[in-house]
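There are structures below to look over.
Next, two complexes with subunit A in common: one pairs it with subunit B, the other with subunit C.
Showing the complex of A and B:
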C-alpha cells in the first residue's frame, strides 16, 4: 500500500517540478513591481496587477508580433501541406521513376542544419528583395517543412487503395481531379495532423526568423522576445510578463490541438 | 527548436509493386513546383555554402579563393573543439538523459500507474511532463533566463531559503553549461515519454501478464519486455534528439550567447557569430559545413545500427 502510493507521489512531485516554472512566471507577471521589491518572487502576489503585461504588450506591439507569427505559420502550414501532397502524390501513388532517390533527397534536406543554408539564403534574398519580408520567411519554411511532409505522406499514400483510384479513373477523373476529389478527402486526417505540426513548428522557429526579420514590424513572437533578453529595460516583473506572453499562445495551441497532437506525435512511430 | 516527430522509414521503397502499372506516367508534373523551390531554397544555397567555405569573404566584394585554409584553421581553433565538446554535453542533456528518464517514466505510467490508478491519472501526469515541449525553445530559454537571473532570479531566492549562497548560474563559467543542460533536460523529457507510451500501446498485454504470473519483478519486466519491445521508438527518439542537440541555437542565443568565455559555445552559434557578427563568412561556412557532415554521419551510423539490429531479431 505504502509502496503503491510512494510511486504515485514521486511521479506527482516530478510533475509539479516540471510545472513550477510556468507557475512562477505567471505569479510574477501579475505582480506589481512594488510588491516584488517588498516580498520577492516566491510569495503569492498582493492582487492581480495587469499593468505590467499591458505595458509590455504596448511597448513591443505584441499584437503585431502575434499577427506576424500567425500569418507566417498559417501560410507555411497550408502551402507546405499542398506541396507535400503534390510530392507524395507523385511518389507514393504515381510511383515515378527514381522515387527512392528522390525520397532520400527529401530526407537529407530534412536533416540539413539551417546554418548550412543561412548565409546564401540571406545573400540571395537580398538580391531578389525578399530579405526582411514575411514572404521570404514563408517561402523558406514552406520548403523546409514540406521536406518532412513529403517523406511522411509518401509512405502513407504508398498504401493508398488502388481500387479507389481505378474507380475514379473509370468515372473519367484525370490525375488532377482524382487528387482533389479522392486522395485529399480520404487522407484528410493525416493532412490535418501535418497542418497542425507545420503551424506549430513554424511558430516555434527561431534561427532563420532571427536572421531574416530584422525590422521590428516584421518580427515573430519568439524573435521579438528573444532579442529583448538582456535588454536594460527588462526588470524582474517585465521579464516575467514577456515570458508569460511567450508561453500563452503555445499553451493555447496545445489545448486546442491536444487531441490531434497526441495522436499525431506518434504518427511516425506507429508506422 | 522543433523536435520533429519521428519519421517513418521509407517503406515504399521495399514494398513490391502492387500490380502492373496502368495509367502511370505524367505524375512527375506534380514534382515540378517542389523541384524549383528545392533548388532555390536548399540545393543552391547548400552548394554555395560549401563553395564559400573555401574562400575568404566578408559578405561584400569578391570572395578570395583559399582552398582548404579555413578547414585547417578550424581544426587548429580551440574554440571549434570547445563548441563540439559542449555539443556532446548537450547530446547527453537532450538525448541520452531524457531517453533514460523517459523510459522509466513511460514504463511506470503505463505498466504501474495506468493499471493501479487508471489511465486518466497516467495521461494527466503525461500531459504535465509534456507541457514544456509545447514552448518555442527560445521562449523556454526566456523563462529560465529569468528564473536563473543572477540579480533578481527566483532560483537564488529559493536556494536562500535553505541558506545557500547565490550564484551567477548562466554567467558563471563553471555553472553555465550545467545550467543549460538542466534546462534542456526539463525541456526535452516530455517527448520521449509521449513516444514511448504510444509505443507501449502496441505491446501485447499477454507478455506482461505472463511475466507477472512467472513472478517477474517490475525491474525485470522493464528490462526484458519494455525495452526490447519499444526498441524502434528508442532509436527514433535518440536519433531525432541527437540531431536536435547538434543543431541547438535558440536557447544558447537567448541564455548565454555562447558565453561566458565560450563555456556554452556550440557550432551553430559559432557559425552565426562568424557570419553575422564578425563578417568571417568563409570561416562561418566552413563551420556550418563541418556541422552538416557530423549530422549526416551521425544519422547514417544510427540507421546502420538500427538496420543491423533489425536483421538480428
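Showing the complex of A and C:
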C-alpha cells in the first residue's frame, strides 16, 4: 500500500516538475510587459493580454513560418522513412557484406555534431545552388534522419522471420514485391513511430535551419523565435508568447499521434 | 486504425505534393531574378533592431526618405535574428544571398574578422567623400576602422556607426530624496552617498554578477586610475598592459572592498542582468550602473518613481563605444544604393529622430532634442565624447574573454579568491591572445 502511494506521489511530483516551465511560459505569454516589470515572472497576470502573441504573429509572419516548418518536417519525415526502409532492407534482410561497418559509418554520421557538418554542407549547397532553399534543408535532414532510421530498422529487420520471405518467394514475389507487400506492412508500427520521431525532431531543429535558411520567407518556426533574442536585451513577455506559439504545434501533433506512438513502441516489429 | 492510416497517408501525400510544388516555385524565382536586374532595382536591407526601439524607428524613417529620393528603387527590408547574424554572417556574406547593406556587430571578433576575410567593402573613399569621417569623433571611429589583421582602431573604414552607447549610473530620485543624498559629482561624494545608503540598511547598487554588469563596474574602477594610453594598450594592443599595475589592482581591491562595505550585495554574483534591471525598475535599489541600452526600457517600465542618470563621477574615461555599424558586403549587388542609404541615416533629421526616440545619435543637433530625459542622456554623452572618453568594454580584447571576466568578478564578489589571484586569472587568456596575434 505504502509502495503504491509512494509511486503515485513521485509520479505526481514528476508531472508537476514537467509542467511548471510550461505553466510559467503560458502565464507570461498572456501578461502585459508593464505587469511583468512590476510583479515579476511568477505572479498571476493582472488580466488577459494577448497583444504579445498577436504582435509576434504579425511581426514574423508566423503563418508562413508554420507552413515552412510543416513542409520541411513533413517531407523529411516521409522521405527519410522511405530511404531508411530501402537501406535497412539491403542491410537487414539482404545481409550485404560488411554491413556492421556500414552501420557504424551511419551511426558516426548521426552522432557527429552539426557544427562540424556546417561548413562542408554550406560549400556543397552553395555549389549546387541549394543554399537558402527549403529543398536544401529537406535533403540534408532526410539524410541525417535516415542515418538513424537505417540503424534502427536494420536491427529490427535483421530479426525478420525468414520463413515469411521464403513463403513469399515461393509464391513468386520478387525482391521489390516482397519489400512492399510483406516487409513494409509487417513493420508498419515501427515505421509510423519513426515517421513521428523524424517529424518532431526536424520540427525542433534550430542550428542548421538557422544557418541555411537565410531569407525570412524560407525560415522555420524555431528560427523565427530567435528574432526576439537581442544582443543585450530580451523581451520576456513577447519571448514567452513566441515560445507558446512555437511549442503548440508540436504538442498538437503529439496528441494526435500519441496512440500510434505507444502502440508502435509496445508492439514491436513482428505481429 | 483505418482512419489513422488514411490520415497518415493523406498527410504524407499532401506534404509530398507541396514539396514538389515548392521546389518548382523556387526554380522559377531563381530564373525570374535575372531579368529583374535591368528593371526596377531593390535595396536589400537587413538589421536586427526591434521596430519600436530608437534605431528601429529612425531607420524606418530613413527607408521612407530613401524611397522618396530614389524613385524606382524598392527597399526590401528583413528583420533578422541577432543569433542568426552572429552564427552565420560569414557564410551569408560569402554567398549570392548577401544583402546590400546590413547592421553588424562592431569589434575585432565580428566586423574585424569579416574585413580580414575580404567579405566587407572598404568604405574609406565614401567616408571621406560624404563627410562621415567628420561627423564621427575619434573614439567612435575606432570601431569603424580595421587594419589588415582585423584589429580595430586604424586602417580602412569598413563600417559606419549610427548611434553610440555608454555606461552610466541610473538613480532613483525618490530614494535619493528620502535618504537626503545629493547627486554626486566627485568620486568621494559617490562613495559617501553609497555609505549613507549602506548605513541605512539599503544596498546602494543593483549588480548583476552572472553577466556583463559586474565587470563593467570593475572596468569603470580601473578606468578611474587610467589614461588613454592604457586603454590603447589594453584594447588596441599598443603597448603592454600590467595586470598587477595600479589600474587593475585598484579595480580588484575596490570591488572586493565594496562588497565588504555592503555597497554591492554578497549574493549578487548569481544575478542576471535582466533581474538586476527588474530590481531597479521595482524601486528596490537607489542606483544601477549599466549601459544606455537599458534607457528605453526604464522610460517605458519605471512607473512608481522619478529617475535620472549621471556619468560615473570622477572618470574621464567610461565604458562605451559606437553602436553596431552599417556594413556593405563585398558581394552586395547595389553598393551605390547602400552608400546612399547610409548617408541618409547620418542626416540630421534621422539622427534627431533617433535621439528623441531614446537612442544616442552620433551626429544630431543637440538643440533639436526636445525630450528632457533624452537631453540629459545625450548631453552626458556629448560631455564624454568631446573629452574622447569612450574606453570600450573590458571583454573586447580577447575571444572568450567575457566568460573569464564574469568568473573573475564573481570570485571577487563571493570573496573566494584574493584580488591578486583574480588578476592572474584575467592576465592568462589575455596574454595568450596577444601571443596568437604575434604581438
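The definition used in the following text is that the second predicted complex is superposed on the first by the 217 of 271 C-alpha atoms of A that agree within 3 Å, B and C clash if a C-alpha of one lies under 4 Å from a C-alpha of the other, contacts with A are read in each partner's own complex, and residues count from 1 in each chain.
Here, a contact is a pair of C-beta atoms (placed from the backbone, for glycine too) under 8 Å apart; a residue touches a chain by one contact, two chains touch by 3 or more.
Source: prediction; values computed, not measured.
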- prompt: Touching A:210, do we find subunit B (first), subunit C (second), both, or neither?
  reply: both
- request: Once the structures are superposed on A, label A:259 by its partner contacts, choosing first (subunit B), second (subunit C), both or neither.
  value: second
Query: After superposition on the shared chain, which partner residues are touched by A:14: those of subunit B (first), subunit C (second), both, or neither?
result: first
Message: Output check: A:236 vs subunit B and subunit C. Expected answer is one of first, second, both, neither. What do you get?
response: both
Query: After superposition on the shared chain, which partner residues are touched by A:226: those of subunit B (first), subunit C (second), both, or neither?
result: both
Message: With both complexes overlaid on chain A, does A:70 touch subunit B (first), subunit C (second), both or neither?
response: second
Message: Going by the contact rule set out at the top, does A:172 touch subunit B (first), subunit C (second), both, or neither?
response: neither
Message: Counting residues of subunit A touched by each partner, does subunit B or subunit C come out ahead?
response: B
Task: For A:34, select first, second, both or neither according to whether it touches subunit B, subunit C, the two together, or no partner.
output: second
Query: Is A:132 in contact with subunit B, with subunit C, with both, or with neither (first, second, both, neither)?
result: second
Message: Does any part of subunit A touch subunit B in one structure and subunit C in the other, and if so which residues?
response: 40, 118, 122, 207, 210-211, 223, 226, 229, 235-236
- line: Residue positions on subunit A within touch of subunit B in the complex are 4, 7-8, 11-12, 14-16, 18-19, 21-22, 24-25, 28, 40-42, 83, 86-87, 89-96, 99-100, 102-103, 105, 107-124, 139-140, 142-144, 146-148, 150-152, 154-155, 158, 162, 166, 169, 175, 179, 197, 200-201, 203-207, 210-211, 221-223, 225-226, 229, 235-236, 239-240, 242-243, 246-247, 250-251, 253-254, 258, 262, 264-271
Message: Help me check something: in the complex, which residues belonging to subunit C touch subunit A?
response: 4, 8, 11-12, 14-16, 18-19, 22-23, 26, 30, 48, 50-51, 78-84, 87-88, 91-92, 94-97, 105, 212, 273-274, 278, 281-282, 291, 293-294, 297, 300-303, 324
Query: In the complex of these two chains, what residues of subunit B are touching subunit A?
result: 1-2, 4-8, 10-13, 15, 17-19, 21-24, 26-31, 33-34, 37-38, 40-42, 44-46, 48-49, 52, 59, 105, 108-109, 112-113, 116-117, 121, 125, 127-129, 131-132, 134-139, 141-147, 149, 152, 154, 157-158, 161, 186, 189-191, 194-195, 198-199, 202, 232-233, 236, 243, 246-247, 249-250, 253-255, 267-268, 271-272, 275-276, 281, 284-285, 287-289, 291-292, 295-296, 299
- prompt: For subunit A, which residues count as touching subunit C in their complex?
  reply: 33-34, 37-38, 40, 59-60, 70-71, 74-75, 77-78, 118, 122, 126, 129, 131-135, 138, 192, 195, 207, 210-211, 214-216, 223-224, 226-236, 259-260
